[in-house]
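Chains here go by letter, A, B, C, D, E, F, G, H, I and J, matching the order in which they are written, and residues are numbered from 1 within each.
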Amino acid sequence: MAFVGKKFPNMEVNAMNEMGDTIQVNVFEEAAKNKKKVLLFWYPKDFTFVCPTELHAFQAALGEFDKRNTIVIGASCDTPEVHFAWLSTAKDNGGIEGITYNLLADSNRNLASTLGILDTTVVEKDGLTLLEGDNVTYRATYLIDEDGVVFHEGINHMPIGRNVNEYLRLIDAFTHVQEKGEVCPANWEEGKQA
Amino acid sequence: MAFVGKKFPNMEVNAMNEMGDTIQVNVFEEAAKNKKKVLLFWYPKDFTFVCPTELHAFQAALGEFDKRNTIVIGASCDTPEVHFAWLSTAKDNGGIEGITYNLLADSNRNLASTLGILDTTVVEKDGLTLLEGDNVTYRATYLIDEDGVVFHEGINHMPIGRNVNEYLRLIDAFTHVQEKGEVCPANWEEGKQA
Amino acid sequence: MAFVGKKFPNMEVNAMNEMGDTIQVNVFEEAAKNKKKVLLFWYPKDFTFVCPTELHAFQAALGEFDKRNTIVIGASCDTPEVHFAWLSTAKDNGGIEGITYNLLADSNRNLASTLGILDTTVVEKDGLTLLEGDNVTYRATYLIDEDGVVFHEGINHMPIGRNVNEYLRLIDAFTHVQEKGEVCPANWEEGKQA
Amino acid sequence: MAFVGKKFPNMEVNAMNEMGDTIQVNVFEEAAKNKKKVLLFWYPKDFTFVCPTELHAFQAALGEFDKRNTIVIGASCDTPEVHFAWLSTAKDNGGIEGITYNLLADSNRNLASTLGILDTTVVEKDGLTLLEGDNVTYRATYLIDEDGVVFHEGINHMPIGRNVNEYLRLIDAFTHVQEKGEVCPANWEEGKQA
Amino acid sequence: MAFVGKKFPNMEVNAMNEMGDTIQVNVFEEAAKNKKKVLLFWYPKDFTFVCPTELHAFQAALGEFDKRNTIVIGASCDTPEVHFAWLSTAKDNGGIEGITYNLLADSNRNLASTLGILDTTVVEKDGLTLLEGDNVTYRATYLIDEDGVVFHEGINHMPIGRNVNEYLRLIDAFTHVQEKGEVCPANWEEGKQA
Amino acid sequence: MAFVGKKFPNMEVNAMNEMGDTIQVNVFEEAAKNKKKVLLFWYPKDFTFVCPTELHAFQAALGEFDKRNTIVIGASCDTPEVHFAWLSTAKDNGGIEGITYNLLADSNRNLASTLGILDTTVVEKDGLTLLEGDNVTYRATYLIDEDGVVFHEGINHMPIGRNVNEYLRLIDAFTHVQEKGEVCPANWEEGKQA
Amino acid sequence: MAFVGKKFPNMEVNAMNEMGDTIQVNVFEEAAKNKKKVLLFWYPKDFTFVCPTELHAFQAALGEFDKRNTIVIGASCDTPEVHFAWLSTAKDNGGIEGITYNLLADSNRNLASTLGILDTTVVEKDGLTLLEGDNVTYRATYLIDEDGVVFHEGINHMPIGRNVNEYLRLIDAFTHVQEKGEVCPANWEEGKQA
Amino acid sequence: MAFVGKKFPNMEVNAMNEMGDTIQVNVFEEAAKNKKKVLLFWYPKDFTFVCPTELHAFQAALGEFDKRNTIVIGASCDTPEVHFAWLSTAKDNGGIEGITYNLLADSNRNLASTLGILDTTVVEKDGLTLLEGDNVTYRATYLIDEDGVVFHEGINHMPIGRNVNEYLRLIDAFTHVQEKGEVCPANWEEGKQA
Amino acid sequence: MAFVGKKFPNMEVNAMNEMGDTIQVNVFEEAAKNKKKVLLFWYPKDFTFVCPTELHAFQAALGEFDKRNTIVIGASCDTPEVHFAWLSTAKDNGGIEGITYNLLADSNRNLASTLGILDTTVVEKDGLTLLEGDNVTYRATYLIDEDGVVFHEGINHMPIGRNVNEYLRLIDAFTHVQEKGEVCPANWEEGKQA
Amino acid sequence: MAFVGKKFPNMEVNAMNEMGDTIQVNVFEEAAKNKKKVLLFWYPKDFTFVCPTELHAFQAALGEFDKRNTIVIGASCDTPEVHFAWLSTAKDNGGIEGITYNLLADSNRNLASTLGILDTTVVEKDGLTLLEGDNVTYRATYLIDEDGVVFHEGINHMPIGRNVNEYLRLIDAFTHVQEKGEVCPANWEEGKQA
């Protein structure tokens, strides 16, 4: 089911902030209450190789997102304790030390399951209902506007990292539509003629 | 439901080719039988303003896609007759004359409905089951590999055009993974160091 | 299910008027609120060969229908944008330029589906519920009286055009019954003795 | 449900022939086995005023239908005995003496019910399931081709007689399509230019 | 289900009176409102051989029934129009001219179906629910008292005519019970000693 | 449900013969195996006033039934023991001494319940499913032909005795139909002109 | 289901008293309203050999039951008429002349069915639901206290008569418990030391 | 449900024999395999006051039962361990030392539940399905013949002890029926004239 | 289902106290109303070998439990009468004389069934639903805090006795957490450094 | 549901061994195939305070478990990657460096869900089925014998660490039962007299 054009699920999720506190984050309200755009990106697991490059890339671009009134939130199904441990691990050791945006710790999978992005299949075996796969999420990304409505969703296959600039372009294009009432054609970029 | 990591639906759909013939296209087999990658992009309706810029943009990049062993296919829920009429309309008149790739004419919505990208809601009214909305698709895009498996899916909100270069980057990244067995980190681009 | 003797479905449908505006038309209310008769004719698709001759034939007879207090409405499952494009196409190029009556754009098939005139069969294939056929309508015609009640319905096979005069005869006969309280025997025509 | 484009129900029905014999007629097989077209017309009741004019009109045109390889069959829900009595009644006395085509006597309503042309509504009253209305048919007409497939169906409101010439025109148009492979546009008539 | 000892169904049915008017008759109310006994006899079809002898026999005995405060009503599933035609046919021609009691025209079978006297079997064939048989009634007879309660019911096989005197005897016997409070033994007849 | 025109239920029932033996009687087979007609008459209860007059009347006419190849069988829901006691009671004391035909003792109501002639209503009271009434049969009569098919059924209200001659007449009429192939009109009697 | 310790079913049943009147008896209320104990004994059928000896034995002990504030009631599924006939038959002829207690005539089996003491098995045969067996009761006995609660129930196989003294002993024992609050051990008898 | 006239449930139950061994006893097979009669008596609980007097009374009469080819079996829902403890307790201390017949230890209630003699009611409370009462049996007794068929069943209210002689009488009466083929009337006792 | 972290079932159960009285004990309220901890231990059966050593061991440690504000309750599915008998049996004879804490007598298994600790399996055999096994409990232990919430549950296999000291350690550890707000690491013991 | 006395679930689970390899472990087969006892202990989450003390305590006792032919396995619902990170963290930094036994990584919760030890409640909220709680396991422990059958299970509340010695005692006691066939009474310890 597509979420584009619909409100993002209104749901509290555990998260870890840069202070190491376990907090509750409601992504929909982050957008709708603060009148901010939100970029929410999911990665499969803490303590893996591809994921930290994405986390660092979003961190590096945080100023650009901030200019565009956009909050960045990362998310996986690991616990807050594991996020904390990874945040405490130096970048050179494969850690994510230095990440300052919030990380959702959706260990009960409530949000990931609602979004339908868990890489699992339900199987019946010997009378038991089991899950095949690790029960972690795809590399899914959501762009949400100031009303909590999704204006882009995308999923990359596991081994392909995301392109931070493309998300900046999409935010610019959507902002252009919001401000100018103009539709943005293909390959539109801010400053280039629509 | 995410299609990333799964086979694209194996299904015949009406389409119009550049000769004006109504043909049957099976997107899954285009990839799996020809051992080609496929970029399939959906747009809401023929004879609208944003859509033709996207169709022309993909046409302009056709050489790049071809170099990457990738077939481009467009798709809407209009009939083959309407596609033909639009193809016969000059670009200056808002037409898509000059488009040479195939256009799916999914007027029975079999494929769009399977993919879950129709912008409609089922409502019960006075004992009738009705559809709210125009029953056309979102601006959804699928990248499919040589086995017919989806490696990227994304949906943009109606008024935002797509970025052709981003799809070329995603194809390059996935090809790099296929060939080198290396994972592609964030912001990876061909030629730049992974 | 026959609609003759029953009220026409009370339902809003997208339509394009001669000004190129997308409007909402409720066929039942066109009759019942305006105290007019309505001739509603469905054709399968825009931009085909048989259809425009019918559309032009009804246009040519518009004066006759008007004399009989009868509104003519055309209908297909194409979008308003496609109707507009066809209306903008010259008659010599297979277009319907010059048509002044409204054209329903029932792209969500709400009305066509209620009337049961879609040329489709639901099939189960590989666990999917698919539609066989193009999901467009038969060449169905409805004559509706000033109370919104259907007094004639008919369906022709795809390749056979309609006879405008027969509808004028049926309207005359029904009006005769309304005014004179007399039944109209076979082959009755206005002016000829009943 | 529309029957156009589908095979006519394959079903035996009681009927009376011109000899006064009660026979069994299967309309589908009349067409498909004899490789003939069939015009089947239903009228509500024997021994009424409008109906005999229609029966006589079809009788008068029998030669024209014959030239077009078309069998005419009348039908109501009266019993064979009643058909016989009406056939034995002089035209001047409101009878149908002189009718030579077969008349279906669908007293068990098997065929009329399958076609959905009975003018009745099922109501629940005091725990009983009752039928409102006389349980007789609408003035429905079916044109069936040599394969038993319906190519026209139409229903007139009770008090309006049918136009025999329009059915001849529809048969000619359909035959033209069969023979010439040409589509017949609006208002097409044999001999006039398509 | 036996109706003896229970109220006759309270239901309006079309009927034809001796004036040729189509009226509504409620057999239960004929008895209960008029404080009359009713003899209701069903015959299979108008315009057959056995039936008119029964209709004439009841007509001949009408005086006797009247003396016993008893209304006679005939009934079949033919339409009022057919009853009228039969009533207009001379006795010598197999008609029932001269019949003055009302004839129920239960063409929607509401009453016959409630009484369970239709000679039909429901069969499933090729996915259709069909009726085997002509869907006409058995030769059933009901004697109803002044409260609308049935005190005799009987059914004869198709080819056996009824004995009018036996019904007079049954009415006499029941009246004797009503008036004298005495039970009537076997073979009891009015005037003979009980 | 009418049994006329259908086979009588094929079912063994306890019975008492004139020797005082409890035997098993299958009414259907009495007819079909012996190629005899059967008159089966039900009365409500042993040891009541009306009933013995009927039993004696049938006994008195036994010769007439025998001439017509017809077996007479009586029936109630009392036990064989009670039948025996009643058979042992002198006629003057209200008994049925002298009856020589078999009496069904349908104390488990299997046959009466299948025929639907029990004078009971099922009611729900305080969570229990109870029967209102004495659970005995109506005064029902069945005439069965040599194939075990019912050709007359009738029910009289409790206090009215049956007319033995009417059953002889019905048997004669049906035999006439069987032998002559002629229909028997109303009031037909053997020897009188049909 | 055991009834001991539960209230006896509260239900009206037909019965015959010693005057030959058909009355209604509610066993529960006989106990609870009259503040009496009740001995209710069922026997299979009137007019059999074993049963009258039991009926006479209970009659002979009626004084003893009366001393113990206990009403005796007999019961079978025969009708009141049959009870009357049996009561009118001299003891020497196998009758029960002289019985003065009431006899339930549970011909509709409402009470026997609630108690679960009918000697029948429900079987499905040829689509019919039939009862195997005579549908009469076992030789069941109930002792009921002054509140309508059962304190003993027992069933003997058909051919074994009951022991009246054992019921007197059970009543004495229960009364002893009621009055003394003492439990009665095995083989306890009034007057013997507990 | 009555078990009289039916086979006793064929089921293994834990039991304790006089040696203190836990064994498996199948009551049905005790009768049917050994061709013996069985008296099975249930008491509510071990270590209570009334029960041991019954157990001792049956023990005292064991010779009489043996003469009559009858096995005595006691039964409660206590465990074999508890039976053993009670058997090891002297009679003077309320124990049952000296009992030599087997005692069923139906702690899983399989047999008691099948017989329907548990003094419990199922109640729903706070979403739980609970049993009201101690879940022990009534004071039920079964007499079973050499084929395993029950010929007497009875239940006494909790505080009333059983009468051993009555069971001897019932066994004698049944044996008399078996041997002599004679029915035993009321109050019958061996040696007294039937 | 785990009960740790949830309230213990709120349910009245029969029990025997040291005075030999049958009382009602609600374990949840023992804790929550008295603001005490509760140790509830289940054993399979009275009068067995292993069980008394556990009962005596808990008795011996009663002072230690009391110091820790903890009530000890034993439990089996035997009746209060059996508990009393066992309590009256000297320790040397395998009895539990001297036990002063309450013993639940869960003979209806309401609590054991809610806790899911009955050693039984439901099996279908010959159409009956039977229990395999003795229907007694496992050797389960529950530690409950002053709010009635379970903080430890454990089950040992039948032949292994419990370690009283381990329960004292668990109570101490939990109390430490309650008082100090400190978590107790592995192998923690009171007095030893956490 | 208790697992004591039943086979441990036969199921493959992801795990991390001391080499840092992700392997598949089937706990049941570890026991049954290797003929070893297994101690499986669950802890809620990696990177928390209480948990490592338990992990280190089991590591310290590994020699004792090995002497007793017992494999130790730890388990949580974290991913193998997180286990690896924790294993790579020094004990002084809250890590578990030095642990050599396998750690189950039940991230899809298949095993934890089968055992019923997840600390979650399913709630319905706004039409969604959500899990309350972190979806991690209780501090549950299982002792499994050489046939894969559980002989002890226990759950501690979150903040209480386990006592390694108690598990050694339980294993000794069970081994004693296995070898000696003797039951182990309360407080039994190896070397102390049973």
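Note that contacts are C-beta pairs under 8 Å (C-beta built on N, C-alpha and C of every residue); 3 or more make two chains touch, one makes a residue touch a chain.
Everything numeric here is computed off the predicted structure, so don't read it as measured data.
Remark: among chain pairs B-C and A-B, A-B carries the greater number of C-beta contacts. Computed from the mean C-alpha positions, the centre of subunit B lies at a distance of 86 Å from the centre of subunit G.
The geometric centre of subunit C is 73 Å away from that of subunit J, both derived from CA atoms. For the pair subunit E and subunit G, the distance between C-alpha centroids works out to 50 Å. Per-chain Cα centroids separate subunit H from subunit I by 34 Å. Think of the chains as beads on a loop: from subunit I toward subunit J, the beads read I, J, A, B, C, D, E, F, G, H.
Those residues of subunit G lying in contact with subunit F across their complex are 9-11, 14, 45-48, 77-79, 81-82, 84-86, 89, 107-110, 114, 120, 126, 128, 130-136.
Across the interface of their complex, subunit B is touched by residues 1-2, 4-5, 49-50, 53-54, 56-58, 116-117, 119, 138, 140, 150-166, 169-170, 173-174, 177, 183-189 of subunit A.
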